[in-house]
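Each of the next two complexes has subunit A plus one other chain: subunit B in the first, subunit C in the second.
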Partner chain A sequence: MILAQLIANSIIIGSIYALVAAGFALVYSTNKFMHFAHGVMVAFSGYMLFLMFSILGVNFYISCFITLILAGLLGWISYRVVYEPLQKRKSSNVILLIASLGLLILLENTLMIFFGPDIKTINYFGIAKGIDILGAIVTPIQIAIIIITLVLLVGLYFFMNKSKIGRNMRAVADNKELTSITGINYRSIADLSFIIGSVLAGIAGILIAIEQNLTPAMGTGLIIKGFTGAVIGSIMSVPGSIIGSYILGFAENFGVWFLPSEYKDAIAFILLFIFLLFKPNGLFGVDKGVRNK
Partner chain B sequence: MIEAYLIHLLILVGIYSVLAVSLNLALGNTGLMNMGHIAFFGIGAYTSVIFTKDLGVPFFAAFLIAGLLTSVFGFILVYATRKLRGDYLALATLGFSFVIYSLMLNWSSVTRGPLGIPGISKPCFFGLCIANNLQYLIFVLIISAISIAIMYIIVNSSFGKLLAATRDDDIGLRALGKNTFMLKSKALMISAFFAGIAGSLFAHYITYIDPSSFMLSEVILIFTIVIVGGIASIKGSIVSTFLIILIPELLRFLNIPSSVLGPARQIIYALILLVIVLWRPKGLFGKIDLE
Partner chain C sequence: MNKTIIGIFSLFVVCLFIVGCTQTPTGPTGQVVTNTQAVKTQEPIKFGIIMPLTGDAASIGQSVVNAVNLAAEEINAKGGIDGRKVVILAEDGKCNGKDAVNAMNKLVSVDSIHYMIGAGCSSETLAVVPIAEANKVVMLSPASSNPSITNSGDYIFRDYPSDSFAGDFAAKYIYDGGARTVAIASCQSDYCTAIGDVFAKKFKQLGGKVVFNEQFPMTTTDMKTILSKIKDVNPDMIYMPSYTESTILAFKQAKELGIPSDKFFGGDAWDDPKIWTSTSGFSDGAKYTLVGADVPQEFKQKYVNKYGPDMALTLGATQGYDALYVFKKVIEQAGDNPEAVKTALYDVQNYHGYSGTISFDSNGDLKESQYSVMTIKNGKAVKE
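Presenting the complex of A and B:
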């Protein structure tokens, strides 16, 4: 009973982390820098849905659609305005990392000023009665979250491996110089990685908005979790980071069996620190450019 | 009224300048990308408070213990991350600050968790206690001046030259038979010591601490100070502390509601940081480019 519930909770939260981590790892593997402001794309999307659906009264599905366009746009703008000039100057990854944290704080506090620090809820589907699956109580929205996430991630897998654009993206991730010789335009690939990554974050934002609550600071919390999931799997690989996110979901929920529940967040922090120290390339990654020889 | 307000700001400038110069010692002079500096500040604050309040140790002893214990954490951090470089080092140190943050938040029996510790006493020396903020300002200025002078001497000594050499050419220095790990660990321990005593000064001034004073947004604040001032420039860090602490205070004269004030301040820090990183990576007085 408790076991089934814990497994269900792990899969639900793991799915959210996986959506965040997949976009983050997509940007990292293509561009080789940490886009921490990715977290705020999730919060931004949740609030855009809130703005259009709850405040302006636009149809729910049209609101979702516009939200995703705006998320992709914000991701693309952050690349062009902040990261691209730094890349052109050949700044180190650390500078890009600092810039991304600056961007995260900037956007998060902008949301805070426009929408206030209090919790917002979007109650579109109402409160549905939980369904009993093998002893675990799961709401229909939670089932939808799992299914949507799995469909998206499988879709992303096929896109990355079967389509020409996806293969170009992986080629850039593997060797940027070599691919530029073969005539692949790095800039458009980078644009695309930010747009796809941010739309994935946008979908996560919408799912969280209808299942849980919105707070302006949620982006920071989510990117730390998504990032931890990515590090556990491998920050260089989208499938690895997805598996890592589910591992994190399980570790958090089952850790509470042994530890007081306040330690839930600490579990992620400690896993992150341990992995960065001892296995920075993750469970499924290759050791390349991470450690001193 | 305005005097009390100015004294308050100057005390903060004094405390943060020690924090910024000590970060610059690790970041600028030694090239150690430490994003966990705020954790050192927090460890110093909590240590000093727990020792004076719970264990009844006199302030000055607790103040030094805060610095020394933080220094031990500095060694642990540099030892744990000795094999990492680049952004992975930055992230591991950031992860360290998250671990310390969750420790402050969850180790309730010692830190009182999210409730924080209120009613921290002002420092006393042999029965003479600091009675008002003007006296505290003088005290902070003395400690800051001594701390910064010590760090200035360290940076300009032959040891400081070796630190700069580890930053510029780690392998070359090792080829000359220097133990760069020892150099880096000494640098980080010194840096952590001063961050720890800055934390102690902060806690006994504000008289209330909770984990939220040592979070990610504060990491951005001290990074902004150091980067605006310029990498490896002590003068830059001091001037920049004045600017970064005082500029957002102008918002107070704009009559905006206090709920907006906090976020607006964070936005100003973030914008300044982005502008400097994008357009003037040397900062105001930087000797070397931010790379």
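Presenting the complex of A and C:
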């Protein structure tokens, strides 16, 4: 029965990675720089939920809603305050990368100042033994995580492919200069990519807050896993990075079936190195532009 | 250009002048004291602390720093050590060797400390001992328990007992309780692996069987895989030396996977109210070993008065508090001289503090230690 349980564990953790990776890839593909501070958006959202629900006592679902607005707002502010001024000065991608790492550390430490370094837990749904599904024990929250992730990701796919804004975003991702000639406003597209990406991170933050614990530094770990998932699939493609995240989830869980558990993170990093060395565009990547399939 | 240079230079001279004026101490009668010894005695005595202030073991580190600050405040209110104020400089070692070494280098080269209360995690202590030896910094650790610290150096003392006691004690307790198969899941740190190793050795020696022995990273956010593997081998008991963060996660996910909480047995790092309260309702019956006697009510009261009832009071707090008083006692005897203080510390016998009786052996370890078994129930830990 351990096989069924491991499959379930892989899908659950893969879903969480996929939410992080999807937002990260969305920002990367439209803006062409590594927004590593994306990880702290997840932690920030978890803490906002904790602040509103556990400290201020606001209704849980209202708290979730406000959290998502705040997450989108923080993503937007970080673009306007940190990245856009740098882009205007024609800073290279390396500088934007360093700025994003700086922002990650700054926001993590800000969380630590306000909430303290110790862990926080939100036990809204209570802890109970899970349901037995084909030999795997899964809790209702975990099922909800999988369903919410899948629904969101399918929604994101249709948004990117069927709506006009989505099409514009893909056009900007494909060729920024050319699209600006056709009259698409890059600034509003960049705004939108940060807001949507951060709201996705916000949803991941809420789900992680319920399923796991909250620590100020959790964002770093998550963005490393999300980034790995995105690299495996393809950092240029949102659907690719989602599939990559599930592959990472399976590789981690099934790897430690045979290996001792302490190798779990090592497996993720080995995969990351293999892909960066031999297939930097990922499984679903193409050399230029974005692919949707 | 020249003007700027002259400007900077004159500013520098003015600064030197100001610093020179403020630093020249005047004696009681108003004359300028030129004796360097006298200058030195008016300076505060600095104590460095290296503790995990972020991450998995942060609540332990915070609690120790609070306790040491409490002691420092009391000592300063009563006139300090030989009339000199006590200054506490706390640095974050993040419960790993690398960050502890950075913190230690800063304390030694920037703050030039000679005495240290710490480090906290065994990984931190083991990493910084060589620096302490080279720079003659006397260390007194209130929380590190790894057995290899015993022989790691001459300048390291601890008023917290070695794990060679705790692992043995737990193995015997579990075996006597009727369990014959155990799974060991330890976090990847010097504390967890050492106590796990001692436990495994003793349990096998007693005739029991260790059916599973693996480690997990301290920063893990998912314990499901290791718990699924443990569930598959179905042991009588699960021995889990781990810190706060992963312990809370393990109880939660064990409940979800249907592993009974009373199968869990932990180490002294579980003596953190954060664990009991955050896992209230799904950690009932879990047990852990606790060093020494209970925290005296008097100390609890002092701590609560200063920091409020919500601040965690964990292992190492009374030891940290006592450590500063032991330093005070020894420095008053031997003077502010690291070498003399080190020699005098070996002679400390039967010092009665809040953590119990402190007597150091020739390795700087506690001579003896007692353990009790605590059971977690309804968000509280009760003594058996």
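Just so it is clear, the second predicted complex is superposed on the first by the 287 of 293 C-alpha atoms of A that agree within 3 Å, B and C clash if a C-alpha of one lies under 4 Å from a C-alpha of the other, contacts with A are read in each partner's own complex, and residues count from 1 in each chain.
Assume contacts are C-beta pairs under 8 Å (C-beta built on N, C-alpha and C of every residue); 3 or more make two chains touch, one makes a residue touch a chain.
Please read all numbers here as calculations on a predicted model, not as lab measurements.
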- Message: Once both complexes are superposed via subunit A, do subunit B and subunit C end up clashing or fitting?
- Response: clash
- Task: Could you say whether A:S261 touches subunit B, subunit C, both of them, or neither, answering first, second, both or neither?
- Result: second
- Message: Let me test your reading of the model: by the given contact rule, A:M218 touches which partner, first (subunit B), second (subunit C), both or neither?
- Response: second
- Touch check for A:G155: first (subunit B), second (subunit C), both, or neither? neither
- Message: Let me test your reading of the model: by the given contact rule, A:K129 touches which partner, first (subunit B), second (subunit C), both or neither?
- Response: second
- Message: With both complexes overlaid on chain A, does A:V82 touch subunit B (first), subunit C (second), both or neither?
- Response: first
- Query: Looking at the overlay, does A:L6 come into contact with subunit B only (first), subunit C only (second), both, or neither?
  - Reply: second
- So, A:I113: does it touch subunit B (first), subunit C (second), both, or neither? first
- Message: Once chain A of both complexes is superposed, is A:F273 in touch with subunit B (first), subunit C (second), both, or neither?
- Response: first
- Item | Colliding stretch - subunit C into subunit B, listed as 21-29, 93-101, 165-173 or 273-281 | 93-101
- Task: Mind sorting out which residues of subunit A both subunit B and subunit C touch, each in its own complex?
- Result: 112, 116-117, 260, 262, 265
- Which bits of subunit A are touching subunit C when the two form their complex? 1-2, 5-6, 9, 12-13, 112, 116-119, 121, 123, 126-130, 137, 139, 142, 208, 212-213, 215-218, 221-222, 252-253, 256-257, 260-262, 264-265
- Where on subunit A is subunit B touching in the complex? 33-34, 82, 85-86, 89, 91-99, 101-103, 105-106, 108-110, 112-113, 116-117, 220, 224, 260, 262-263, 265-266, 269-270, 272-273, 276-277, 280, 289-292
- Counting only contacts in the complex, subunit B reaches subunit A at residues 33, 80-88, 90-92, 95-96, 98-99, 101-103, 105-106, 108, 113, 216-217, 219-220, 223-224, 227, 259-260, 262-264, 266-267, 269-271, 273-274, 277-278, 281, 290-291
- Query: In the complex of these two chains, what residues of subunit C are touching subunit A?
  - Reply: 53-55, 58-59, 62, 185, 188, 214-217, 219-222, 224-226, 228-229, 231-232, 244-245, 248-249, 252, 255-258, 274, 278, 281-282, 312
